[in-house]
Structure formats: structure tokens, C-alpha cells
């Protein structure tokens, strides 16, 4: 069992609220457009991990990825930069041959303080891509890591506290044996976990997945193949990227259809 | 009869103003696009509940949900975040296959100070959906609770004071036996109400309804079925969600018709 | 004759400026898009009423109601909120089946300090609706009261000083026997007027009209019937609301015609 | 000859710069889109009048009246309000039956400090209307006065210093016997001019014209009839208002033609 | 040879950097969309002239003249005002009968501090017009002077230091006998130049050209006739203004063609 | 081996993080839309070079080059000015005969502090042009230098520290013999490199390439010919500039096609 230092009270309180569902964290089942993100809170002498439910919703629109924390000035500049980078990735991968006729909104649910740092940008991207692909995300996992404009996962700080924070949340809500954490491969060298987490990992009751790319993370979270583009830049049917491309095409077609109805309907006669 | 502590005077004054209709709170009848929201005010040693009339109006437009408190900088960041989340919910549920050709405006009527926190976001969403569905809301109820992007109702603070505040407002304006409060299910564990409220609840003269989703709340407030989407994402006729979808479709058709008139009329000849 | 307390000098000066037409206040005749609004000024120990000429102008445009005080940051948040609410009312009543193809501008003429509070929102709405309906407003009246998104008139503060301020302005410019003030019905209980005003009111030389809705006020100010919508939402010919709807339709037709000319003219050949 | 008090040096310097053409003020001839405006500067114990060249230029555009002082934050809120009011007047008079397809820019030329107050709004409106009508303005005149949304000229402060400032500028650049100042009629009661100005006015070497409306000022400045609208809202040929309306119509036609070319040209075949 | 006062070191350093090409100033040859501007820097007891390379580039766009210094808040309000005035001139001269379908960007190259004052506005306008006309500007000249909305050149401060600054830069980079400075005619009376500059001017090795209008400056800088509009507002072939008008027409045609392709191509069949 | 002074610890830590891949810097291979940029950090008595991965992504859009550091207020005004200048270059070269239907985003990856100065603007432009041309950039190089609106490379500060910083990063990640740095030609005179760098350069194990234009840099980084425009402004097939122009044309065609589908499809019948 973990040993608690000073500052514990707040941490224990947080875990209790998760246990009582005042703060809603799911550690089982699957949801579309929702992922467990991980941040750290520093308080007194203690730094502890803080799991957050990150949600994304998409609709027909004009290509905007709305970072709600930023809109209301609860997100710091590094968080905002992370979301803009994620938009750069989306545009670079899917926006060269089709317009991005979507509006997406990203939220840290039940987060009432500020959000800073880019360590949730991979998680936010997964939530967004899940919403676009209508592909459910396994809630047994939590994610940490930042992402660059080319979809590479980059190292983040506080990796141990973040893993332990989700481990404790799973303990609070009940271990299932299917739970675990997805982290940047470049953070493996920083791992120095509590003994109980190490043991659980060794017994494969709680797993740690290092990833290098967005596509590796997507596959883990959805159980589906991400898919590689062929020579024409198309993805094989059934892959996640093909589903995302198809959704974006559907949005573009719908947007064009609406404009067409508006502009051309009368010209038929 | 309730026992009053220090700070009472302000609270009693507030209730008087409700009684004299200087501050207009309806606790009976029904209205379209209007709901009783609940907030708390802290003053000296006392925290008391403060019922507010929340209104929504909709018109043809470009998909904006205007948070009037935010526009004039009377709404804090958490309130603004709540309204943006509510927009994310609306877009995610109704905006995938149709454009959101509406403009909606949300107001805390006769609220002259700042509004903070997200505990009115469910109430604001109900007012908005009522305006869209042209479905009257039962004014015998007051609502508290926050909502996430997927329409789940989340726990809020000050649940006891809020319930007592509306109970007292009903006492001031006259108990009807049909009054009550809608709260998040995850707040039930926090209930520690005044004896008179407990008694009234026990005798079913004043009811407390815990809800987990937006649709449960909508059904309670309007007496209508919210409705579940079928495989194609359509709602059964007569359900609230079908009425909302129909209104949004009518707006989209009208918007397209206007554009069509503008662009194509002459092409007929 | 009224008894003056300290702070009088400023008040007497203000009344003189009105008398000499340096500050232009009309207390007779009728004007389109102009109404006498009432605010209060607090100075030293004295609070006195301050009549203001509020004007509105409309043109073809994109649905904006421009609050000029807010544009130049002379309007406080509560004043701005009042104007936004008035826009919500306009959109909700007239904007469901037609686009609002207008630009309207609202001004406190010859007001050089800040404007705060929502107690002029009803007056501003009357000026706007008069401009839209091309219906002259009786300048013998002054108006105070706030309005909600559903067009209900709400209580405001300083009702006595406001009434007395306009009474004195009428005295300065000359009593006609046709003058009076329109106030919220919910403010009747607050009336404690100076003896000379009470006497004038008793003798019907200066009248006080309590109203509950925008439509009641419009009828008083224009002498025309406001009109109720029929089942299809249309208003009877000759009513004010029908004239407003007709103007908005004319704007919408003109806007569509302009777009049509632009887009389709050549297609004829 | 005028008697100089303390603070003179700055004033004399200013007049010298006008005389040497470092600051360009024209007091003879005529120019399109240019008018002499008048403001006051307070320095030490002295308040003196400061003539300014106000220019306006117009082009095809989207209906904006750009207040360049405001754009660069050199204009105070009251100045900005004045320009917005002037836009309200323009829209109300000309914008009900035609789109305002213009961009206009207003500048205080060679003004390097801030501009505050609304006392130049009439002058700015004259410059704008001159540019629209292509009607030259007599540079022998200077103008002071504010304007309301209905085109009525309102009283301003410092009327004596302003008149004397232009009188001195004429003396510097050379009296022609045709010079004079246009002021609000409601400022006549404030006139207390220097003896030399009074004498010059009595001998009709320097004239003071009180006006009540924009149209009166326009006629004086251009020597043309402003024109009254007939029942259909049209103005007689050759009047200024007809020329302005014609220019706005030409802009609207050009704007429509451009859009037509873009949208419809190919449809001919 | 010039005599140096205190503060010299910075000035000499600046001239050295020009000599070594760390700061790039061209004093010979010709370039499209580039002109030598002049500003002054005050340091300790010394005010010295600072030549700057000002560049302009144009592309198809929506009529914006982007002042890059302003965009990044390195330009003060007076500089920004100058650029807006220059836009007013461009719109007034060329924008009445054609849309301004351009985007232009103006830059003080290698300027790392703030830019204030309007004394470079004429130079900026020349750079812009050169880019529009594709007409090379003689780099042997430097320009100072502000411009009003009607294209008149106005007096500026520090004319002597500015001239001397460019004289010294020419000395550093090598006198060619073709170099000189263009200044406002209204600044001639302020000339009090160093003896070496006076001598060079007397011997016509370094010339000073006073101008009153934009067109005079353009002719000097490009060696081409600016051109006067005929009765229909057209310019003779081969003149600079005709080339500018032709470029703007080409942009407008291209913009219309693009829109036409988009909107009408299919209608052919 | 380099000699370390005070402040070393931070520098050594930075190099370690690069070596351990916590901060990702590639010094071999090639990538599209990615280049090694160089900045300096001053800390205590030490100024050292800091290599950064700069990425660019492009998509269909409205002609915006989004500077993500600026969007989130992490970029200082000089950095922002550099990116705007780069946009001016792009528009001036490619935007005269075609619309810029692109959205591009530029990022300093894993940069968590502010970015200031314009010394990375050439590198940012190379990343952008690589993304547009789909031409891989040699990661063996790092780039420093600013760019003007005409594509000329300008001198920057700290050239020695920047070169040494990349040299050390190559040492950390492993020398390949193919590595080197691209610098402005006008900085050659400032070179005073550490002995180890001088030796490596002499032995051609680490090369320093001075450039004067964007095109020279592009050729070095991609191994492709940049290409000169012919009389009609077209570039020869296979050149980089032709590939960029082709991509922009493809975007413009796609944008037009989308608009065409929307507007004209029905007109076929």
C-alpha cells in the first residue's frame, strides 16, 4: 500500500470524490469522444496525479477546433499551443484534398481551475479522432503525452505521479485487470514508480504502454487498425483513418449539398 | 418554520422582493423558454440560495449560442465554460447531419451582479431546448446541476441552500403542492435539508427529483417524452428531441430558401 | 412648488439647460425613432432624475442592434445587457420565420458621461420599434422600466426621482396637460411622489401609466394597437407589430433582391 | 487687435505654423471632402481655438465609416460616439432602401494628439457628404457643432474660443471678406466674442451662421440646395441629397455588377 | 567632413553596420516595392537620422493594406494613422469605380524598435504604388514626408538630421553623384544643413527635391510620368497611375474570374 | 573538446535531453515540413545556442499563415513580424496571379518559453515551402537568418553560439560528416568559432554555408533547383518553385471545385 506524505489530505479527498462520483472518472467500459487525461497538481510539498475526463464533440462547421478552456481563459498558453498543434496535425493529414467542414469542441470536464502545459494534447487528439470516427475509446486507459504537428508523441513531465494517480483512481473505482496507462516512449527512462504500481505492472494487472505515434495510441484505445495511406493518400476500408476521412468527406458533401440547395435548386426548371 | 441565522436580513429582503414581484419568480404555471435556476450567495456568515429566472430565445441565425452574461463580462469563466459545453452538446446531438442555423440568447433576468460557476448550465440548456421545441416548462420546478458535452448531469455545490432557497420562494409566493427541485443524482449523498423542507418532501408537498441525464430533466419539466434516436439517428414523432430536430430543420430550410431566392430566382426564365 | 435640498444647484442648472435648449428635450409633439428616457444622477446628498433623448435609426443590414454607448465603452455592463436582452426579444418575436436584415443604432443623445443600469431598456426598445414601424412616438411621455427577453416590463430603482425629473422638465418647457410618465406596474408600490406631482396627477394634468408589457407601452406611446399574433403567427393589418413585421419583410426582400440581382441577372439570357 | 493673456506663446506659435504652412489650413477656395473643423486646447490658464483640416474619402465597400482617430486610439469615446451617430444618420436617411456599399474614412489631418468631444461631428459629416456628392466645400468657412441621429445640430462648448481661433487663422492667412464660421443655433446665447471679431462680424467681413440642421449647413458650405424627399423618399435632381443618393446607388450597382460578373457571366452560354 | 558631437558613437556604429551590410541600405540601382525611408533617433544629447529600407508587396486579396509594424504592436498610433491615411488616399483615387481586390503589406525591414510618427507615410505610399505599378524605384533617393488623404505632402520634423543621415549613409556606401533626398516643400524653410551637405548640394553631387504631391514624388523616384485623370477618370497609357489602375483592374478581373469559375462553370452545359 | 564556462550546467542539461530524446532534435535523414532552427538563450554570464525543431503543415484554406507562438502569446513582436514578412514574401511571389487558398501553421516544437527575434524567420519559411512543395528537408542542417519581403537573407545576432549549439547537438547525437549550418552571408564577418568547430569545418566534417537568398537556402536543404521565373512568371518543371506554384494551384482548383459543386451542380439539367 502506498505511503502518504504531507499534502495527502487533498489527494485523498480527490480520490474520495472520484469514488463517490462527485467527480466522474470512468475506468471501465467504452465511450465515443471521451478519454481519461492525466495532469499533475502541486500542493505544499506534494505533487500528485489528477485524472480528468476529456470530451470532444463534432458537428458540421467551418474547420474550427474550439479549445473551450482557452475560450474562457482557463487554459494557459502552453495548453492552447498544444490544441493548435493538434489542429495543425489534423489539417496536414486530412485537409490537403478536402475542406475541413467541421466544428469540434474540446473540454476538460469538471475542471474548475486553470489548465496548463501540453501534456494532455495527445489525449485531446484521441478524444477528437474518436468523435470523428465514431469509434469508442476504452475507458480502462488513461493517456499522457504531447503531440507534434506530424503526429509524433513527445515526452512530458511528472510521468510517475500521473501513472500513480490513475492507478489510485482505479483502486478507488475497482481494479478490473484491464486497466493501464499510455505514455510517450521517450518517458520510459523517467519511470520510477511506487512499489504497488510496479508489482501490478509486473503481474499485468495494470499495464503501461509506451507509444511513439498518434496511430499507435489510437489502435490501443479503440482496438482498431489506424491504417496507412496508399499512394493516392487513401486509407483501407475499416481502418480508423479511413473512418475519419469518410466522416470529414460526409461533412464536406453535406456542406456542399446545403450550399447547392441554396444556390441552384431553382435553376432546374 | 425555518430558523434564521446572521445575514438573514438580506435573505429575507430577497424573499420579500420576490413576494412583492419586484424580482419576478414564477412558481406556478408554464412558460416557453423560461426556467427557474438556482445559485448561492455568500454574505457574512450566511450562504443562501437565490432563485433566478433564466430565459432563452431563438431565431434564424448562424449557429451561435449567445451567453449574454459573458458578452457584457458579467459571467465568470466557469459560467462561460458551462454555456460553451452546452453548445458542444447541442452541436454533437443535432449538428452532425444538419447545419445549426439558429441564434440563441441566454439571460439571467434581473441579475445585476456577476454570475459564476457552472451549476446553472443544465437549467440554461433546458430553457434553450424548450425555446427550440416550443415546449412549455413547468414553472413549479427549479433546477440545479451542470451538464457535460454528452448531456450527463454532474454534481454541483451548495445543493441544500439552493433547495431551501426555492422552498422559501414557494412559501413566499404560495405553496401549490406541485412544486419541487430537480438536482443531480450525484448530489443526493450531500442532502442535509432543513426540517421543514424534509417534512414537506416526506409529505410530497415539495418534491426533489434526482436526474442523471438532460433527457430525464426535460421529461420532468415538460411532461413530454425526450425520445431516443433510431438507427438512422431520427427521433419518433411527438418526442421532444424530434420537435427540436424539426425546428432546426425548419431553420435550415428557411435559411436555404432565403439563399435560394437570392441566388436562383432569376435563373427560372 | 418643490422644496430643494443640497445638490440643488446642479439639478437647477440641468433644468435651465433644458429650458434654454442647450440640452434638447422635447415634451410635446411626436417623433419617429425618439423617446424620452429617464435616468438618475447621484451627487452629494441628492439623487435627481435626468431626462434623456434616446434615438434609434434603422437600415438594411445584417441583424445587428448597435448599442453606441457600448461601442465606445460609455455604457456599463448592465446597460449593455439590457440592449442585448432587447435584441433577444426582437429576434424571438420576429426572427423565427424571417431573417433580421436590419442594422439598428441606439443612442443617448447629448449624454457625455457613462450610462449604467437597465432601466432605460424599455425606452430603447420603444425607440427601436418606432423606427421600424415608422410610427411617431408621443414626446409628451417619458419612459422608465427594464424589459426581459419575453417583453415583460420589470421594476427599476429611483422611480420617484425619475418621475419628478420629467415633471420638472415639463414645467421648464411648459406644461401642456397631455404630459406624463410610463412606469413598470411592479413599481407602483414604490411611489412616494412630491406633493406638486401628486396634485398634478390627481388633477390629470400629469399622468402616470403603469405597464406590464412592451405592447401596452407601445400602444400608449403611439396611439396605435400593438396587435396579437394569430395561429400562423401573423398580425392583423394596421397593428404596430404588423407594421414592424412588414418592415422587416421589406428589408429581407430588398436584401434578397440585391443578392439576386448580383447572382442571377445574367442567367436570364 | 486681440489682447493676449498667459499661454499666448503656444497659441501664437500655432498661428505662425499655420501662416508658414507647416500646419496646412485653407481659408479660401474650395475642396471636395475637406472642411475646417474647430476644437479647443486648454493650456495653463488659457483656452484657445484650434482649427483642423478634416478630410473624408469614400470608395466601394461594405458600409463602414472608418474613424481613423478611433482606429489608432487617438480618439476619445465622445469623439467616437459622434462618428457612430453620424453613421446612424447616414444609414437612417439613405440606407432604408439601398445597401450602403461604401467605405469612408475620416481624418483630422496633421493632428498628433488625441481628439475628444463630439463638437466636430457636424464638420465630419459635412466632409463625408461632400465626398459622396462630389460637391466642393467652401474653405472660407469653419464649422463647429455636434449632430444627432436625426441630423439636428446640437450645442457645443467653447464656441467663442473656436470662432476666435478661426478668425485669427484668417488674419494669419489673409482676410478675404468671404470668411466665417458655422455654429449651432442653440449656441447663439453663449456668444461673447472679442471686440475685433464683433466688429468684423458687424461689418460683414467675417460672418457667423447659426444652423439647426445638417441640410442648412450643407447648403451654406456648398452653395447647393440640400433637397427634401418627396412622398416616395426621392430627392429632386440637382439637389445635394439626390447626388449623394445617386452616388450610393452607383456604388450599389457597381457592387452588384461585380458580384454578377463573378457569379453569372458563364451562364449566358 | 562632418563634425561629431556627443552620442556620436551610436551613430557611427549605425553607419558602420550599413557599410558592412549588417543593416542593408541600398544607395544605388533600382528595386520594385522598396524605398529608402528616413526617421530620427534621439539618444542622449544627439538626434540623428536613421535610414530604413521600407518594402511593400502586393497580392490578390480583399482590399487590406497591412501595416506589419502595427500588427505586431511595434508601430505607434501616429505611424498607424499615417498608414490608414495612405489607404484612404488609395481608396479615394482608385476605389470609386473598382473594388480594391488587393492585399498589401508594408514593412520597415531590419527595424527592431518601435516606429512612431507619420513622417514615413509618403515613403510607404511610394513603396506600395511601386509594387502595384511594377515600376522600379531609384534607390539613390531617400524620402521623408507625411501624406494626407488627398495625396498632398505635409511638413515633418527633423528634416536636417534626416537629410544628413542619408548623406552619411551615401558616404559610407560610396557617393555616386546621383544621390539625393525628397522632402516636403513646406519643410524648405526649416533647412539648416551641415556645411558638407550644403557644399555637395551646391555642387549637385547630392540633391534635395522639395515636393508638394504624391505624383511629383512618384515621377522623381521612377522617372515615369504620374499622369492626370481625363474627364472619365482614366489615365493615359504608360503613365504610372494607369499602370496602377491596370494592376488593380487585373486583380479585380482575376478575383471575379475565380469567383466565376467557382460559381458558373457547370452552367455552360 | 569545448571548454565550459559558468552557466554550463543548463547547457549541458539541454544537450543531455537532446541526447536522451526528451527534446527531439534530428541531425540526420530528411523530413517534409521540418527544419532545425537555432536560437540563443542567455543565462547568467553564458549565452548558448539552442536548436529547435520547427514544423510547418499546410491545408486547404483562406490564405492564412498561422504563427502558433503568436496565437498563444508566446511569440514576441519581432518574431511575429518575421512571420508576417514571410507571408508578405509568399504573397508577393506566388499570390499575384492566383489566390492563396491555403492555411499554414508554424510551430517551434517542444518550446515552452517565449520566442523572440526574427532570426528564425528564414528557417520558418523553409519549413513552410518544404510542406508546400512536398520536398523533404535534409535534417543534417540547421538554419539561422532573417528574411525580408523580397526573399533576401539578412544578418542576425549570436551567429557563433548558434553554430556551436548545433555542432554540440551533432556531437551528442553523433557526427555523420554530412552535418552543417546555413547562415546569412552578411554574418560571415562575425564568425569567431570555437577551435573544435573551426577544425571540423576545415576538415569538412561540419560545414558552414553562407546564403544571400531564400532560393539558395532551399536548394541546399532539399538538393533541388529552386528555379527562376520565365517572362510569363512561370517556373520550369521539376523546380521547387514550380512544385510550390503547382500545389497552390491545386489548392485553388480544389477550392474553386468545391465552390462550383456547391453553386452550380444543379444548373446542369
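Think of it as A, B, C, D, E and F in the order they're written, each chain with its own count starting at 1.
Criterion: a residue touches a chain if its C-beta (ideal position, glycine included) is under 8 Å from a C-beta of that chain, and two chains touch if they have at least 3 such contacts.
All values derive from a computational prediction rather than experimental measurement.
**Q** Taking each chain's centre as the mean of its CA atoms, which one is most distant from subunit F?
**A** Farthest by centroid: C.
**Q** Check the residue numbers that subunit B and subunit C use where they touch, and answer same if over half are used by both copies, otherwise different.
**A** Different: when the shared numbers are divided by all numbers used, the fraction is under half.
**Q** Report the inter-centroid distance (CA atoms only) between subunit A and subunit D in whole Å.
**A** Going by mean C-alpha positions, subunit A sits 59 Å from subunit D.
**Q** Nearest whole angstrom, what separates the Cα centre of subunit A from the Cα centre of subunit F?
**A** 30
**Q** Please report how many Å separate the Cα centroid of subunit A from that of subunit E, as a whole number.
**A** The answer is 52 Å.
**Q** Using the touch definition from the top, which residues of subunit D touch two or more other chains?
**A** 255, 263-265, 267
**Q** Looking at which chains touch, is this a line, ring, star, complete or other?
**A** Shape of the chain contacts: a ring, since each chain touches exactly two and the loop closes.
**Q** Taking the contact definition as given, in what order do you meet the chains if you travel the ring from subunit A through subunit B?
**A** Order round the ring from subunit A, first step to subunit B: A, B, C, D, E, F.
**Q** Considering only the defined contacts, which subunit C positions touch subunit D in the complex?
**A** These residues of subunit C touch subunit D: 20-24, 31, 33-34, 53, 55-61, 66, 68-69, 71-74, 103, 105, 107, 109-110, 112, 131, 254-255, 258, 261-267, 269.
**Q** Can you check the complex and tell me which residues of subunit F touch subunit E?
**A** Contacts found on subunit F: 63, 77-78, 80-81, 84-85, 87-89, 91-92, 94-100, 118, 146, 148-150, 152, 154-155, 186, 189, 252, 255-256, 259-260, 263-265, 267-268.
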